[in-house]
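Both of the next two complexes hold chain A, though its partner changes from chain B to chain C.
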Partner chain A sequence: MAVMALDSGDGSLVPFSSETRDSPVVYPIHHGLKPPVARLAISWSRGNSLRVSVFRPPSGNDSGESDGEVGGKVVEVKLNDGDPEISDGQWRRIAYGSVSPFALLQSRRSSVSSLSKMSMSPSPYDVDWWEYVIEYSKDISSLLGGSNLTRGPIIEDPKAVLKKGEEPTSLKAAWELMEIFYADKQSQEWLPERLVDWLADYDSLLSSTHATVHSKIVDFQKELVRLQVIENDPKYWEVMSSALAVGWLDVVVKMLRLHGSYQLDQLSNRETENGLVEAVAILISKMPRLRPELDARKLGECFKSKPDFVKAWEKWRAQITKLDCSAYWVQCDNQHTREGLRNMLHIMLGNADSLHRATYQWIELYISHFLYIRPFTMGFESMYSLAQKCMQLKPMSCYHRLIRLLIGILGENTEVVLAECSREFGPWMVVHAIELLTAGSEQTEILLHEERDSLGGISIGELHRLVYAQVLSSHALTWQIAPIYLTSCVKQGMSLLEILLYSQSVQHNQLLLKNIEICRLYELDHVSSSIMKVAGVYHWKHGRKGSGVFWLQQAQDAVRLNKISQQLFDSVGKSISDESFKQWEGIIELLGSESKTAVGLEFLHKYRDFKKSLQQVSGGKTTDAARQAAESLILLMKNPSTPQRFWLPLLYDSLKLLNWLEQPLLNVSQTNLLLNKLQELSMARLRPDFIEPNLPTHALSSVRIALATNLGRAILEE
Partner chain B sequence: MAITTITEPPQIHRLPQHKYVDAVRWLPLLSAFDRFAVLALFDSDSDSSSVEIHSLTPTPPALTSQSSWVSPSRVSSLKTSLSHQKTIVVASTIAGSLHVLFSDPMDASLESEISVADNALHVGTHFMCRFDGWWDGVSKWASPMEFATGGYGFSLQWWDQRKPGGPVSQFKGNWAQRMTSGIVHSIDIHPSRKHTCLAGGSLGTVFAWDLRWQEQPIILSGVGTGDSLTRSTSESEVWEVQYDRYMKSTNLGNISSARVLPAMICSEDGILAVVEQGEEPIELLTEPCAINSFDIDRHNPSDVICGLEWESVAILTRS
Partner chain C sequence: MAKSVNVWDCGSTLYDSFELKSFKRQLDSAILASTRTLSMPHLPDRRVPLPPTQQQPHPQQQATSFNIPKKSSKISRSLHKLLRSVFKPNKSSGSFFPVKDQTKDGFYVVYDKSGSVLSTIPEVPTFEIAKLSPEISSSVHEGSILKIVWVPPEYGDAVACICVDGSVSLWEEVAEDAQPVQWKMCKSFKNSSKVLDIQFGISMTRLKLVAAYSDGHVKVYELLDPLELNNWQLQAEYQNVTESVPSFGKALCFSASISWNPQQGESQDSSIVVGFNSNTSELNSSKFKSETALTRYGSLIRLIKDGFQWQSWLHLEKKDDQVYAVKWAPNIGRPFEVIAVATSKGIAIWQLGLNPDQDGRLSAEKVALLSGHEGEVWQMEWDMSGMTLATTGRDGMVRLWQANLNGVWQEQAAFELTS
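The block that comes next holds the complex of A and B.
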């Protein structure tokens, strides 16, 4: 991990206790502030970012004499120890693309295991399980790069020995290694040949640490244009024998055809030499291969069954030996050609020294052993001991990360493989490669899915998934795919998912709705209702009252809706002016549409009706309207949901109705009801928690007088 | 004339962008040879937003950036149009600003830009926002004088500038006694049928509100409608609706004016589909991630561009 330091002039912040073996790397931060720097504050931002706040000392002078500098700056430092071959954007693309194959495999696993439970089969891994895993592996592999890495150009340059294609990545190379050894059970029979192909595709990656056959060919390719007599250059033969040793037969044959003896003016006097070159070229292109098929551009003859292959192999070897012992070599004048070709024959005959000389890294030597010394190797047998032997023959101070992974795989050490995947290729690789690792090996399955106390009761597999989900969660664009991985974690996945969902911003509706959608998918109703509550409160607090009410209603949050209606009562009750009522009408409308969730709102709805009719009364003077208003008043007062503290304002508002001149609008029983309520109110006033409504002091008495008068008139009327 | 053929699946090309696609639109152009798309992008690495004009090259489709304009914040809505020999791109941002970009219609290079800041915008749209801040829905103009808005509670309002003071008509989305309500995310009005408002929103709901029969919305898709005739393609948010101008065998005149024209929708659960009244929806695209926006090319209605959640753009060609 990088260590932060500040290049603030004197550099006083830098010193380290240099007890660590590797000296720490110092990265300067360019904050652009004038020294001196008084204070630093460091905190984590989202994901892998550090937020460094740099403060300058407060200017000692009195105000007005500032030096025109800002007081401080905040610098965001991205700590990126990511893969140099793959950018962040590409990583995200891989992360998105791997969701579907992963989810499909998980659902297949669960259906297969439920099926096997029914049929009491001993293992869920039936024959067709391989097919699922290999399909998954191919899907993932296609994400990591083009399907054909070394597709050639349409018009071939005769001198272009190596075809240029898409740059291969180590990630894809690593994935293919895992696929070869763990997933693709069909190709176990011809494992060595698959390794030959693998090296042909990815040898260029290994050049980053040491020379490889690939790097030698690339170097030679550059010189090729300048060479007049190609066969006199020892490099020509060197490179060819190297390519032959690792089985790049097409490259070798193509290079052989560049031999000077093929030129028309030379053909006549170099007949024997040309015959020898051509004979070797034909032998190379006829090499028997133990594999079902070959690419069209690759050379060799394929044999599916071992007996056929063995027969063909013996015949081919006999032909080589015959050529090696033939008398034509004496007639060949060109020493370079003679020695070069015979060296190639020795390689094909499996001469250990020749192979050793022709290869550069142990993996290349290893491959050449499979091709020419132990062509009958099938499956995994003794592969590791051979690898160890090759490593001794070609010792290297450090290995490429792919080679370290390969050593782990050959050593059949799952822990090493996992550790290499995790360290070199990151959490994405581990999580997705575990599916390959467990395919078919019950031992690995147990190792990875066994619950461990040291990990807090979860398995290694789950731990890695949780780590990966954590990485996804920390990015604003990938958090939405974290739930797929979290839900596949039996022990702690769901609780972490809940935390993830709770931690998302509720500010913007689109994001909020995406969040709620995830809750719906995983049936987390309680989470979504909490989120909606949070959103409701957020919007309400920020003055978007309608949004607030909407989300609280969606959450069916009766408590808060009641609170809101209380608030509404208060503000509506404060004045009955037309304007203020209009302001709230929209919200009351909104609240009213689903009044079942909040009892108090029912009152508010009625209150609105009452207010409306009261307005009509004050506008015109029809008795009918007044009677209707009085009806609404009685309804309101009868309703148990009408808050007590509202009674007096209501009655005070309707004084006009109580004192209606033409006739009493309330009958005796109605008036008695109101008087009783008033009495109740007077009693309640004695309690300490009573809130005095904001009304003139004479309000109570004037209501009482009006009611009494009305009672008298009503009695007279009846 | 009516040739009924088995509908072939559309050709789909997905083009990764390595940036979040906030909105996509086709750019109407004068030239018949070049095609351009406008993308509102958000780069999470640099935390910056931009509106970019990309040219589309066919076989295989590829987008190449032609010109770009840095937006002060993320784009919430994007529209394009052609006027006075200039193509116009209008972008609104989540911070509340509005930006009008003018581009050359021949080579799609951006020429000028006008911005309206947050506070100025508020005055200009005061008429619209009589709801005092609680409204945050969508709107669509039907004519220079009339427009429709939609928002919370599946509500729609019809406004007329000649009649200020409030909406001319209102629709409250309580046609079904549901436990939960939803939000209208998108509205479309067909230029030849201004009396019908097409709306899409939560719970996969797509409905048409005819001003002539205001009480009875026509539900094209949605859950819990209880109507066996309307099938639902999606159960989650319908982010965008547009009338689908691509017709194979029938022409517009033959369809009764009471019938709702076919509409295209895109949804949170990754579905791009054409829904038609009383018919099975046709799914054009099903993605594992959300489809946040789409646009049908005005000149080639067979072509659709979609903005996908996973930082990519999909281009569909219907045959």
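The block that comes next holds the complex of A and C.
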């Protein structure tokens, strides 16, 4: 399953092997507390990071008083991938960069499969599909490092300048290996040549475990400055034949040109010797290669078709043989030059012993076999058996992770390849490489996309995506790209996405908005409503009532909004002073009129309107305003939703209207209505559950008098 | 898909400025409409600067230390009584609550409110401890805190605090109008028998609280008002959780564990799993093995299904196993549920069929019995996908368990403390 490495307290990365074993690896957690430790507690933090809290026994006893130790500590353990070669920031850059190629490929996959509709997955023999996969692979590859990796040793000028290119990474090397074997079907014809290039780019990585041709060249280059007569140093010849064996022709030719015989003062005495050196250099640079093209820097002659290549190869071999048998060797005085050059000729002629001597790791020997012993190898044929043979010839106690990956690939064992990817390069690699693997064969496609009961009904491919998404969600800067991968998981992705979104913090508005936006994108309305609910309650409880109501409204949380209106309603009923009016007016506004859900809300709205017009009346003296206020009073009193306990406060508040000097504002029937209400109220007072409003005792009587007066005036008026 | 690519870039223009601006405008207009009132402050401008896209050095290790104030106090009796801290599940904002024993008989709350932006847990400001202790210590009386349980976030930032003496109090973080944030006790449950564990869950749009008592009862309370945590109603009581109460003496359980099915929609049925442990040497010694009444009482675990028509109790473990902890795994799409049960024999992984058979019984199968921890298992936590189980216990180890590609459960890693 998920293969992990972890970053424990001391920051060291420990590879976490997933091999079956009896006892699991035990990692230390450095908490830096003085023993004893009393208690441990664990909790999952974001994604798959685990928080371990360590508590010391409480101080306070005899000794604890003075030790000044902290009471506990929380250590976060990351159960992620982690390639020590790549920094966190670089990882995030890769994670972000790979989203777009991945998403593009997924959308192409779905459009292709909807077009064909024959099978769930695009046919691996669909030409267009190859092009998509290789485009995807190139995009990812360019993310992993500069597109133009320069090989380490380039001997630029006679006094040896080592030009350092961008440091190659194993991740990129591994990706290219996958690309060569699974994605790039066009270059299958000249697979060996691609491997030659691959080794040229990444041989330096292999030096970490054992000596390589690269490391030998680097070593020699350091000595080069000190050497007076270069051709007398056996290492010069050794290094050159090694480089020749693995096909670094440009390096060899460049080094040959450092030969002492080229120097002007010696040219005359060493004419023959120089001629031989130059002849070998020319032969090397004319080496026929079965490939469509070569880098400008690299040497050799390219042949696209095999017949042409075979013809050229035989001609070239004949030239070498001719040179090998020529009489000039006798005339060459310098023994080193003579032997060195002839050894190089033997390498070119495919002498197995010479090749064996010239190479250091089996992969180098393997490459040299392709170059000089089996130049006509095309495609995948017998590559694995040759690899096994080379491994036997150059046994090694342990292999570099790239080599293990290569062995898996050559063995055509998808499980091994996946396991190596996952163990050595982490979940990112697996998820993205699966696209290449499945492009390789239908069998792999079935293996990776078959739903398995043992995994709870998901495929291996989906499992890896889920694991990767979890890794992404463990970091605050990457969780937002996890949805892309989760939505590509048909079976379990959405549920995990819901959990991920729901567990984001609501305390920061920006994050909250982003979270809601993601919900909208994936049509997860119920999740966004839960999130908004949580946000609403959070703000409400933290004294920001406005925001609270806003978010609860967004969540359409009728239950809580009702409760809030109820609260408001209750508090409004208790005291109806102008100050409290100000307090709740805004919330009424915010609760809005459109939400019909709240019981007393409609009333509160009308009540607010009434209060407002009443305020206008008290400000100015216009009869129009007063008439309007009187009308809203009647509306309120008529409305059955107006609770009884508000009747008296309402009437008492509008005493001024009832006693309006210029003219009676209420007509007879209106006044009668109010009087009836007043009567009803007097009856209700007799009931035990009646709540006496917080008004002066004379309130009722003064309202009654005002109404009676008004009635009289209204009758007169009519 | 391809089009939305830019959206996902951290520093992308669309996501972080355009979308945000439109939202903010909408928000502001709503808030502005109500600024006239005093009680309606603007949305606090707590927005944090956008995280830089990349390359920002992030501390790999995030550790925080809690400074427990050095105050003279009584000696803590025992270590294991000390503290059990339970972290808020499901919230990656990662608020967490260390619980402090004895020193002042209180607990303090540590937040990682940085949630969105940072990966570091800020140092605990000492004032927070100083401020909280008096309030809480006055009410959390004698004895230490056994456990802290978070309330689901839809009901505010609140915890339930179980004390060793068996009382439970509910604490809530609130800020009244202009006052600073404070923790307020909103409810205290007292009972003749001790509360051993409680867990919150949402069922039928209501917040429920399930409590397990030392006499083997399980009670279910319901919150009446979703905005006030002080009004709880006893909804159900199950006395027969531990059937066959011994004929002599009073039944006593020493620890209990409850776990809700994490997949609880507000409108769905929910289930819980309960485990009890009456772990004393007398009860479990061979001497008493024959005394069926006692040994059978040892522990058992049951399952409640279908909302609160609590049906079909299902035994997952034999009655005489001591169940230390139970934990229901999140299910993101498996056709079965997974429950981890820690007993004295090891950690059992149970698979539960989702559909009951004709008799209304659920099928359950023990797919693994994992041994590794020596002694009691204190705590088990599933990760967000329900694929990894983290456990810790008396042996001081943290262990991680996963199923491999063949569905075989195994220990994936272990962590040992070193100072």
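Following the convention adopted for this analysis, the second predicted complex is superposed on the first by the 498 of 718 C-alpha atoms of A that agree within 3 Å, B and C clash if a C-alpha of one lies under 4 Å from a C-alpha of the other, contacts with A are read in each partner's own complex, and residues count from 1 in each chain.
In this text, a residue touches a chain if its C-beta (ideal position, glycine included) is under 8 Å from a C-beta of that chain, and two chains touch if they have at least 3 such contacts.
Please read these numbers as outputs of a predicted model, since none were measured by experiment.
In the superposed model, A:696 makes contact with neither chain B nor chain C.
In the overlay built on the shared chain, the residue A:395 is in contact with neither chain B nor chain C.
Of the two partner chains placed by the overlay, neither chain B nor chain C lies in contact with A:84.
By the document's definition of touching, neither partner reaches A:640: not chain B, not chain C.
In the superposition on chain A, A:477 makes contact with both chain B and chain C.
Contact with both chain B and chain C is seen for A:92 once the two complexes are overlaid on the shared chain.
Once chain A of one complex is fitted onto chain A of the other, the partner contacts of A:688 are absent, as it touches neither chain B nor chain C.
Set side by side, chain B and chain C differ in how many residues of chain A they touch, and the one touching more is C.
In the superposed pair of complexes, A:307 makes contact with neither chain B nor chain C.
Of the two partner chains placed by the overlay, chain B and chain C both lie in contact with A:513.
The residues of chain A shared by its contacts with chain B and with chain C are 88-90, 92-93, 96, 99-100, 103, 475-477, 480, 508-510, 513-514, 517, 543-547, 550, 583, 586-587, 590. Listing the residues of chain B that touch chain A in their complex gives 16, 18-20, 44-45, 94, 131-136, 152-153, 172, 174, 179-181, 183, 202, 235-237, 239, 268-269, 288-290, 292, 309-312.
Against chain B, the residues of chain A that register as touching in their complex are 87-90, 92-93, 96, 99-100, 103, 475-477, 480, 508-510, 513-514, 517, 520, 543-550, 553-554, 556, 583, 586-587, 590, 593-594.
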